[in-house]
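One chain, subunit A, links the two complexes that follow: it is found with subunit B in the first and with subunit C in the second.
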Partner chain A sequence: MQRYLAQKLTIYILTFFLAVTIDWIIPRFMPGNPVQTMLSRAALRAEAVEVMRGYYLRAFGLDVPVWQQYLNFWKAVFHGDLGVSVYLFPKPVIRVIAEAIPYTLAILVPAIVLSWIAGNKFGAFAARRRWLDNTVLPLGYFLTATPYMWLGILLAWGFGVGLGWFPIAGGYSFAMTPHLSWKFVLDLLWHWFLPFVSLFLVMFGGWAIGMRNMIIYELEADYVQYLESLGAPRKLIRRYAFRNAVLPQITGLALQIGTIAAGAVVTETVFSYPGIGKLLVEAIQNQDYFLIQGCFLFIIIGVLLANLIVDIAYLIVDPRTRRGMVGEI
Partner chain B sequence: MRGKWWVVLGLLVLGVGVALGQEFPRQETLYISGAAWGPPTDWNPFITWSKANTSGTVGLIYEPLFFYDPLKDTLIPWLAEYGQWKTDQLFEVKLREGLTWQDGKPLTAADVVFTFELGKKYSTIYYSPMWDYLASVVNVGDYYVEFSFKRKPLYQEFVNNLYNIAIVPKHIWETRTEEEITSGANANPIGSGSYKYFAHGPDRNVYIRNEEWWGIKLLGLKPAPKYIVEIRFATNNLALGALLKGEIDLSNNFLPGIATLAKLGYVKTYLPEPPYMLSANTAVLFLNTTKKPLNDPAFRKALAYAINVDAIIERAFAGLVAKASPTALLPHLAKYVDDELVAQLGFTYDPAKAKAILAVAGYKDIDGDGLVEAPDGSKIYLEVTCPFGWTDWMEAIRVISESAQAAGINVVHRYPDYGAWNTALVTGTFDMTLNNWASLSNTPWTVYNLLFNHPIRDVMGSGNFGRYNNPEVFALVDELAATPPWDAEGVKAVCAKIQEILLTDLPMIPLWYNGLWAQYVEFTWTNFPGAYGGRPHWLPCTWAGYWQMGGFHTLCELKPAQ
Partner chain C sequence: MKGEKGKKPKNEFLYFAWRNWKLRLGLAIVLFFVVLAIVGPRLTPHQPWAYVGPPARPPSKEFWFGTTMFGQDVFTQFVYGLYPVFLVGALGGGLATLIGTAIGFTAGYRGGWVDEILNTFTNVVLVIPTLALLLIIAAYLGVRSFFIQAVFIGCTAWPWTARAVRAQTLSLKAREFVDLARISAARPTKIILTEIAPNMLSYLVMVFILQFGGAILNAATLDFIGLGPTRGISLGLMMQMALLWGALPLGLWWWFVPPGLAIALLVGALYITNVGLDEIFNPKLREM
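So, the complex of A and B:
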């Protein structure tokens, strides 16, 4: 078991290092120069522009050779310093991200956990029930095939513009400032609902279908037929089948987390929900190297952490992994 | 027992929360949008490029010595009671007596001196180039400030700075380091203005009226809204929806469908008929004069005749903008336009004439594809660009390429990303591109400084992107900058010479005036500005730099709807 964990950890560290490096390089391949872009927003006399360009290239550490910028970047990361945002100058990237992260986690974590649990339950329930299989599961296929953005737009249009039940943009009302009161908390929830639901629905469809197929597969297995021939109650059989079927679903969750994070990016953009995803899109549009790096760093850490949690969960759920790794089989 | 404590604690927290919590009463709040392109990050009046995101920093929180009214082309004394040129190298400002900062301390001449001297101390302050010609700024007592000059100053720039440089309190800023001053966030700003910072979020700024503002007594002015909430919408559609529902009162976003809505009476605009909007800046087609065949004045002239500006106005702007004067000057500076010259040399859309000019200059269609080749027989291929996502400009350059093609000139449109477009612009690798970076101002020098920025450098960051190299016109722009403001005839004479070169050589082509986008609904507030029906005459604009050009006065004219 320790070997299993050590192996996984090595892979994660390596992945982290490579992913962060790639995310450091890619923005620098973009044509253009963030300092120039920033300065061009202030109509200045040429003399002033020249002085300021030099000053800010130094301030952002962009006046040294690229390899040195890269080394400085890692040095700074280990000191917990992600630099200063260009787009949101002079705000430190770490503070920009700290303000956005609660919003992203608030829609992402409940959507992942709830859709996985509900999807699995529903899929298992629907399998081998003809009327459900014929009516609701096609809907599941439809949901899981829907791009996050498209569903988001449909929901915003239907419930936001059409029915007017929910707001279509923002994290909270324009008439409020953040504070602790029921009114504000309700307002937050009211704005949170549609982005959450659009992530939830797409994932729910996927898990439900996966589970339904797994259950059907498991119900054909030898052990089920053996149990059936022994006259075991149907409820018991389905419980065994469910426990076996859930294992690939856990693996699926680990594989899906990256895609889900990408889904959160577009969902936040559609609802202009003030999380990391929206921030990332704005950072890219404004060529803000430091903010892009920072956002990706958190997305990478988040995805790897989630994977680690899934790996550990797998250890707990599937005894074979534990035994297999200590060489008893 | 323990359970009870939790309940008590919970109620306490809730009670405090409710007490601190804030919801703005609709009747006392003005909702606006259209200034910000990003989240608010600083309230530092010396960081100029981010001021759009906290546009009230200068004008509402901090104030300059003067305000400026473009509609009347006059300076409005503000912190200053008056300003006068004692000699042509000595300018005296008399401050009003009884000015106060928002923390209650008096605002005196020492604060003004301190603010201007920051530019001498730190080269990264945007107005430090002023000190090339400024000898000293000293206060005489508490109310008089004397600006003396080493030589004849750049009067036009100096006057422009008088209503743009925000005066900051010495007692707060003098202990700050250079870094804090030039790039600090300056959270919780203390200014002298009519509004105070109240709150902000990623998509909003909130200002609250300063009930102790000096102007209530000294100017007899009081802005109507107690709160101003400025909102940044992710897309213009959201802004339009919110405006029509009355969730915002004043929108300064570009909303293409407004002409129709204004005609039907759903929204109000400054002008009752097309183009509905006042003009804010001139959209100019810059031509890269270092590239063939754009280095040929005859070819450039043909291009100017080939572009169908009316089609741009119709297709890209749905009639919301007006055709620009070929001299590039905005309507409020029309007195500096040499009308005779324009009648003689001005260009209009005339494809036949474009073809004739091309033929005379030796551009002929040799291979029979309907497009002309250069006199040396080489094929012509030119790209016209604008940043991707700027939908109105994207449509505009589509019209440009189409009408150029129709006249036989092979121009195609391309939409690079903003970063790539910007790099090509300042390093001079583009062929033809649109730009409008000269803001509305008190002087024709602003736009001519954009068109003929000099000297030519590797990176042309603030104008003359096409690298038009003509020492004669550079000298004229310098002369214009140094022409005193009281010499209107002198300004006009220099402008005429510049216009003659502009119109003969056409190193760039002025096309249309981008609008001062402003549309309002009057569910909550009425008496917005307008050129009709007894409405007040001010620029109804909340963009950065416009609060002191009419935006603030708009607030003073508003009346509650009930």
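So, the complex of A and C:
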């Protein structure tokens, strides 16, 4: 078990190291000079440009040697000092992100957990039931092939514009200011519903299909045939098959986290939902480099934490990993 | 092994392929879109960005899919937007499959420290949210083309393939025919290409199909955020334009339904083709 966890943690620490390095490298070594871009956008007089250039160089810490810049970046990361947002000036990046995180978590966590549970149950139920299988299968594949933004747009159009049941933009009504009351909480939930459903549905299709395919493999396994020859009831066999099929689905969850994060980015964009994803897109559109760096860093941290949670869940579910019988999932 | 490659297995393959409705359905949909991508631009007299009619018109005889807020023909944009879908899918998916299998073969066959390093590298790239990475890279690149987009997608989408191919190589490596090849002093590259790869061919075909679909979805996401190619039209870009210019509140459904529907149908059809192929290659899965 220690070996398993140590192996995983090494990977995550390496990944974090690499990701922060990429985060540092990209704005510095990409074609085009961010400082120049910002200066030209500001449309200043010639002498003002020089002053501004000096200011930006110092602000980015570009006036010291490269290795020093890199070390400084790490220092800043550990101090939570991610600079000041240009687009939302003069708010510090860390505060802008802190305000967005709850919204992202609010749609992502329930959507991931619920779609995983419901999709697995449903997929296992549909497998090898001819009629259900043949209708569910194409539908499930269609759902999981649906681009996240398209499903979001359709839901917003149908339930937002058409039926008028739900709002199509924002995290809460524009007329309201955030405060703690039932009215505000209900308003939050009202805005939360469509983005959540949109993420839920696409993922649900994927898990249902995955489970269905796993169960079909499991039902061919030796232990199932042995049980069948003993005359075990079908229900019992299916329960055993399910328990075995769930393991790859947990691994699948770990593999999917990156894709899911991308899905959240576009879903938030469709619904103008004030999470990290929408923030990242706005930062990119406004070329707010500190904010882009900050968003990327937090997405990485979120994905790594999610992976760690999945690993621990796997440890709990599969006793073999605890006894060190399998090295890797 | 080679002696069996007569006429009979081939016929059997075709027989089961034709009997499999999943394969038929999937291939039919994919083929439909391929034909549309080729023939479509010839069916329309307009250019994708040209202002050719009255704005915001629903579908009619003259404008089959209606017009946008600016009076551009949606059908024209749609059929021109199909071509890059296949380009990015084939190129990005192909590249991802190639990198993934190369790394998987090497790691699995070589073993030892080569495997340690490649496997760690694969796991690290696997954990990095590739789309977030693509977003950042695309954001800093001033000029982007479909080709660059496909290359970037290919370079980030390979890890799961590498992992799967490595696992399969590990199990194939222990077989007797590989031992035999090794005893007869064949070079590792040759053993991989002539002994191991042919035994995984069906699997590699399916990997390519999955990577193809994945590349299409990734490209659509990038385009939708406005980080797609700087020139040209794509289905993701159509959806972005529709959302940006108020197609939702104005109810111009003909603007945003076709592009997303085409992507969902196409990628869904690829997945179903894959299930069909799986059932053909793996007789145990066939429906009785």
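Quick note on the criterion: the second predicted complex is superposed on the first by the 280 of 329 C-alpha atoms of A that agree within 3 Å, B and C clash if a C-alpha of one lies under 4 Å from a C-alpha of the other, contacts with A are read in each partner's own complex, and residues count from 1 in each chain.
Here is the rule we use: a residue touches a chain if its C-beta (ideal position, glycine included) is under 8 Å from a C-beta of that chain, and two chains touch if they have at least 3 such contacts.
Model, not experiment: these values are computed from the prediction.
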Does the superposition put A:Phe125 against subunit B (first), subunit C (second), both, or neither? neither
Taking the superposition as given, does A:Val161 touch the first partner, subunit B, the second, subunit C, both, or neither? both
After lining up the shared chain so the two structures overlap, which partner does A:Tyr55 touch, if you call subunit B first and subunit C second: first, second, both or neither? first
Once the shared chain is lined up, is A:Thr177 touching subunit B (first), subunit C (second), both, or neither of them? first
On the A-aligned overlay, A:Gln285 touches which partner chain: subunit B = first, subunit C = second, or both, or neither? both
The shared contact residues of subunit A with subunit B and subunit C are 30-32, 34, 161, 168, 269, 285, 287
Can you check the complex and tell me which residues of subunit A touch subunit C? 10-12, 14-15, 18-19, 22-23, 26-27, 30-32, 34, 130, 137-138, 141-142, 144-151, 153-154, 156-157, 160-162, 168, 209, 213, 216-217, 220, 255, 257-259, 261-262, 265-266, 269-270, 280-281, 284-285, 287, 292, 296, 299-300, 303-304, 307
Quick one: in the complex, what on subunit B touches subunit A? 13-14, 16-18, 20-24, 26, 29, 31, 38-39, 41-42, 47-50, 52, 123-124, 126-129, 132, 157, 182-185, 198-199, 201-204, 206, 229, 231, 233-234, 238, 241, 247, 416-423, 426, 437-439, 449-450, 453-454, 457, 459-463
So, in the complex, the side of subunit C touching subunit A is made of residues 22, 25, 120, 123-124, 126-133, 135-137, 139-142, 160, 213, 217-218, 220-221, 224-227, 236, 239, 242-243, 248-249, 251, 253, 256-257, 259-261, 263-268, 270-272, 275, 284-285, 287
Given the complex, residues on subunit A that touch subunit B span 30-34, 36-53, 55, 59, 85, 87-91, 99-100, 161, 168-172, 174-184, 269, 272, 274, 282, 285-287
